[in-house]
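For reference, chains read A, B, C and D in written order, and residue numbers begin at 1 within each chain.
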Amino acid sequence: MKKLLLSTTISTLLFSLPVAALAQDYSKYGIDEDVPGKCSFAATDAKDYSGRTLNIITHAVPVMGEPTALHASQFEELTGAKVNVVHVPFGDLFQRIMIPFQAKQNAYDVLFYGSLWVGDFSPYLEPVPAEYQNTASMKAVTANYKDVATWGKTMVQFPVDGDRHYLKYRTDIFDNPEMQKKFKAETGRDLSVPQTWEEYGEIATVFNGWDWDGDGEKNYGSAEVVKRDDLMFSAFISRVSAYAKHPDVKGGFFFDLETMEPLINTPGFVRGLEMFVKAQKYMPPGGNNFGLGDEIFSFGGGQTLFSYSWDDAYIQAMQKDSRIRNKVAAAPLPGSNEVWNRKTGKWDKFATPNRAPYITWGWTSAVSKMSENKDMAFDYLCFFSNEANTLHDLQIGRFGVNPYRTTHFDPTFWTDKLGWNTKTASTYVKTLSGMDDSKNRVFDLRVPGVGQFMSSMAAGVSEALAGQKTPQEALDGVAEEWRQIVNRIGKERVKKAYATVVALEDNLR
Amino acid sequence: MLGLYRFLKYSAILLWSAFVAGPFLWALTTSFKTSEGIVSGATYIPWLQYKPSLDGWGVLFRRGGQGIDIVDPYLASLTVTLSASAISLVLGTLAAYGLSRFSYKAGPIKNADITFFFISQRIMPPIVLSIPFFLMLQAFGLLDTKLGLIIVYVALLMPIAVWVMIDFFHNIPVELDETAMLDGCRPVETFFRVILPNCKPGLVVAGLFCLIFGWNDFFFAFMLTFTKTQLLPVAVVALNSSVTPWWSLSASALVSVAPLVILAFVVEKYLSRGNLAGAIK
Amino acid sequence: MLVSRQKLIFLLPGLLVLVAIIIFPLLFTIRVSFSSWDVMYPGLDWIGGKNYSRLFSDSRFWESLQRLAGIAVGTVVIEYLLGFGLALLVWKEVRYKRFFRVLFLVPMMTTPVIMSVIWRTIFHESLGPLNNILGFLGLGQVPWLSTAGMAVVSVMMVEIWQWTPFMFLLLLAGLLSLPKEPFQAAAIDGAGPFRTFFMVTFPLMAPISIGTLIIRLIEASKIMETVYVLTSGGPGTATETSSYYIYIRGLRDFQIGYAASLSVTYLVLMILALTILAKFLVRAFISKDKA
Amino acid sequence: MSLIIDNVSKSVDGEIHLQDIHLTMQKGSFNTLLGPTLSGKTSLLRLLAGLDKPTSGRIMMGGQDLSSIPVWKRNVSMVYQQFINYPHLDIYENIAFPLRRAGLAKAEIDRKVRATAETLRIDELLRRSPGELSGGQQQRTALARSLVKGADLLLLDEPLINLDYKLREEFHDEFTNIFADNRDTIIIYSSTDPLESLLLGGDILVLDEGRQLQHGPTHDVYRNPRMEAVARVFNDPQMNMINGRVENGRIVLGQGLTLPRSTHMTDLREGKYRFGLRANALGLSRASADDVELEARVELGEINGSETFVHIHHNEVSWVVQEDGVHTHSLGQVIRVYFNPEYLFAFDEKGMLAAAPKYVPGSGTAEE
């Protein structure tokens, strides 16, 4: 009896004292303050995983790779586990995960990857346990990103990031009376944030090829992701969705869900591609081989007036030492006054431009079914995305972590913590949250073999951009390849998977 | 006339030197930049044109979020490359000696075919072999291990050793072997007592080639490891993100090419000695 | 010689090790090429020659082969000419000869995949030094990686930068091992530098030239990292070489079965082409030798 | 212990290198192997060394068939035309190499190495490496190494051919000493140079196109070449050959140079013959009263060491005249040439020797 009492006292001393002491100490990890919750610093600190190893595959440094490694080393310190992280360039991430899956090799416990691959990976992923779904921080994730994390009815991915394409532009030009005058003189129109891709092109053309910011270097219209790698297809979808996604036509964007006939060579897509081909005229030198990094440096470095893609370029522009800090604003992607209606086979006119926000794939994470450390793996992901860490990561542009919880859409966070001016912060938050409210969304083609579909599309688009083929020819070729891919993988399988995407797009949930 | 010739000659040498050294100099200056130093366009001179920073270099030697810590990959690369090169050199040299001195026959297969078999291993692009190698190493539980990579690299490097050494042995007069045998050496003794001691230049070149191709392989190191074993190129390519940090990438490039460049200067006298068997003829 | 058993001691260890390592991947690849292994169905079903019939109408594959032939032969020939020229430059007395000899070798020592990333920053059209210097010299801007033609040139340029040293090293070694007598004879005959080169140096270098060219062609045909990093095969398909195309089909699209059939076809074609090329080179150099 | 070469043939890829060689050599003998390039000399030496295997036939040594004994167990040494030494060892170790392989005691090795080195006059160079030596010194080292182990069979494959004339003469002088007290070894020395084989003496085996033409004491063979082919090989410059006939008790050479029948030809039957005359039997001045004189035009004069070979043309037949000392003749010049019919060889229509002179003129080495 005495003995028991003594050990209780000791354990109380051991556990309560350090926790109390360290509670003030977590700021050494770079966070402002620990946010209480299931996976807070304090809660993680209380766990002991010493002697165990966690293997993680993630993207290259810094985008997503750097926060993965950062929180991995924190996790090591707090729990005593050994965490191995491997960083892989984006183009090879899919196969590096898929080969061990197919070979039944337990290579990684935790995976960070592009959410569009869920169709291929889902058989190999461990569903997120209910206890992690019921946390406050998970409940705050917006509907879009819960949808993205879900396959069928099961949540198999752990949301760690919110991603979307939107328009970025330079306020110092748009708000400059001289520039407005000049634009009016050249086009007869008032200079305003473009509502359609045609306007985007017109403005970009006027502000292309001359030094409009007075730094001695020429400036250009638009920086876009055009290099034929695994990111360009997203830019293409952003550019075509307004023409091809009719708000009243249900039943599929990439395919007709009924027949699984590809729609990729229908006039809406062709029009979008034609615009993309023309856009090369107002890109910077080398702009038609820009990868995401180039786009970020180009717009973020003040070279171009416009850009659209993920948040990175915006964040680059807002770096502390940036020359164009607080001279940028965000807006929804341009729309179109004409939308192809595949049911009627006609172009429908819209007085208010049709917009179809593309809920671009983004970074997500998951735990492998084969893992022997599932408890630790989910704890790591939960710790990675605890609110203290997320608020920290959101502030570092190169991490590529973007708002995905309702709590992140508070302009004061950006103005107070990061010193953004009101316009930059409010347009940013408004654009982001606005996309969550849209009823005319386009999702990625989250079906098995998505890599084949996207790689085929990128090859076709790239041929059109290089002038090797006309847009129609190029997309006809893509459509033909898509048919073959569907047949190879199995029409029913693709259809079944695509139905879950269409259900999201048609707001059936 | 002679002056003009000299002028052209040295111009050509300097021009090529600039072409060769350019990327390294660019990497050197870039490694001290930050993202602001990049986005403002090409700059070359620190302090004058941009504010230098050691961030790019720091990344290489830190663990966790801020860095990729290339120390472990460095040691792993050294271990794998040196072991595989040594094994390839031993096996390749023996095989090359055999092929250059004796005639083998198995059915229609003769020396030339065996030699071609060795050399032809180089024709296969790594992509062809990556998945079969994956499954093979998996069967032996050697994925993500140094030993697994060493095995694969031996297949990659032995053809190089065979190729260089066959050429080298062809330049050693066969009479030297015969004299040794007449003096009482069996073939194996002949090889170890007489031929091998005279092979230093050939071995240096073959070894250097093995080290070059082993050290610089990316694909297999990439495909056949997960997290426990990481070789240098894989660690460096971890910086090839969608937003490439030019500065740390440049620093890591310089660090990773350094050992072989230093080695090249060390073994210079063997590289440009000319006929590798010069001492014998 | 009475060495029938002893001679096996030399050949067998290496041969057996190599066969042991390589035989499974080779046979496995052939087997996979008759299966439909892809992202959905990992495994070795039997679909007969379907992959091969698909391959025959796959114009992207055949175009990639043509492109590869052009790029590989083009770079190797340029590397040969440059390498020979450089070897001649530092063959005889030159100041700091030993320094230059090693300096010229340095690119070969570097990791292609890493240096290609550096080259990508050099080619960057607005932030890279190349266009910056050209602009400074008033030569205008070159679209290095964004037009089909220049992208091919850029890829070749990096290959040449990386591998000319290899040619240089082997050709220099060859030059240094040449006998002196034919040169003395040519000098006595009063032959000028050009005549000496074409009548003496070049013919004497024929065997080493053939060997070097073939080895480099083998290596150049695998060109991968440069394309992988610099252009991803673009713009369009302008720089998509065979191994990169196989890579896309196999590891990006994850059509393992189809990629295996591409690989097998590619290997057969390569071995055929290199054999023929080797014969051709021998004939070309030997006939020049006689003339 | 005698070496028996029993009907040995060697062919490689259907090409015949040696055909039916059949002969015996005795312990302590010195043999030259004379023949032009590609006559099979090296092939034969390699067979004897055990480096190659005969296609048919046997090689016996001391009654034992050698074919089953590998090279490294035979007691044979060989010196090549190229200067073959172990580049990584100094001269001392080069010479000691076979002794060390044989497992001799250190002191014994040292004694033998120094003695042999002294014989070959390289005892000052023992700590040098082969790369630092001149060609002659390198070949001395190779010779020393092959001598030191006291082989049963010592093979020398044109050892002096890559040395200059002066060095060759120096070696020739020394060889007489070096090989003089040879009692236990069978030495076979191959050469393309008839003069060299005459200098070295001993026995000779004349080879041509892989065939064994004649085997016997060198000077016998020189005086009585069994056939025209032997005479051709064993003379430098080549023996002058003229078609002719014996007619009416007289000898008619070529187009009609008629000579009296000399003493050694008295037994010749009438008919067609080929007559041979050594170049050194022709002179530019009358040596005796019996000399025949003819007029000829100079076609070419070549100076070879201390001799001059004058190529002349007489009656549509080309002759070579060997003259001591260095002389110059202008081309086309008409000169008088003399020879003694006593020196004429006669070969029958099958090429076999029909008559040989009793005396051998000139060269001075052939003692009577």
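Note that in this section a residue touches a chain if its C-beta (ideal position, glycine included) is under 8 Å from a C-beta of that chain, and two chains touch if they have at least 3 such contacts.
Since the structure is predicted, the reported quantities are computational estimates derived from the model, not experimental observations.
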Chain located farthest away, centre of chain B as origin (C-alpha): D
Comparison of B-D and B-C (more C-beta pairs in contact): B-C
Distance from chain C to chain B - Cα centre to Cα centre, in angstrom: 16
Cα-centroid distance, chain B relative to chain D, in whole angstrom: 55
Centre distance in Å when chain A and chain C are each reduced to the mean of their C-alpha atoms: 39
Whole-Å separation of chain centres (CA-atom averages), chain A against chain D: 92
Chain B: positions in contact with at least two other chains: 38-39, 41, 131, 135, 181, 186, 237, 240, 244
Chain C residues counted as touching two or more neighbouring chains: 1, 3, 126-127, 131, 251
Sequence positions of chain A contacting 2 or more other chains: 92, 103, 297, 301, 303
Complex contact set, residues of chain C against chain A: 36, 38-40, 42, 60, 123-127, 131, 141, 143-148, 151, 228, 231-238, 248, 251-255
Of all residues in chain B, those that touch chain C in their complex: 9-10, 12-13, 16-17, 19-24, 26-27, 30, 38-39, 41-42, 44, 91-92, 94-95, 97-99, 101-102, 104, 114, 117-133, 135-136, 151-152, 154-155, 158-159, 162-163, 167, 171, 181, 186-188, 191, 205, 212, 215-216, 218-219, 232-233, 236-237, 240, 244, 246, 249-250, 252-253, 256-257, 260-261, 263-265, 268, 271-276, 278
Chain C partner contacts - residues on chain A that touch it in the complex: 91-92, 94-95, 98, 102-103, 120, 227-230, 284-289, 294, 297-298, 301, 303, 448-449, 451-452, 455-456, 459, 462-463, 465-468, 488-490, 493
For the chain A and chain B complex, residues of the former touching the latter: 55-57, 59-63, 65-74, 84-90, 92, 96, 99-100, 103, 105, 107-108, 217, 231, 291-293, 296-297, 300-303, 312, 316, 319, 321-323, 398, 400
Partner chain B, residues of chain D touching it in the complex: 49, 51, 70-74, 76-78, 80, 82, 84, 86-88, 97-98, 101-102, 131, 142, 145, 149
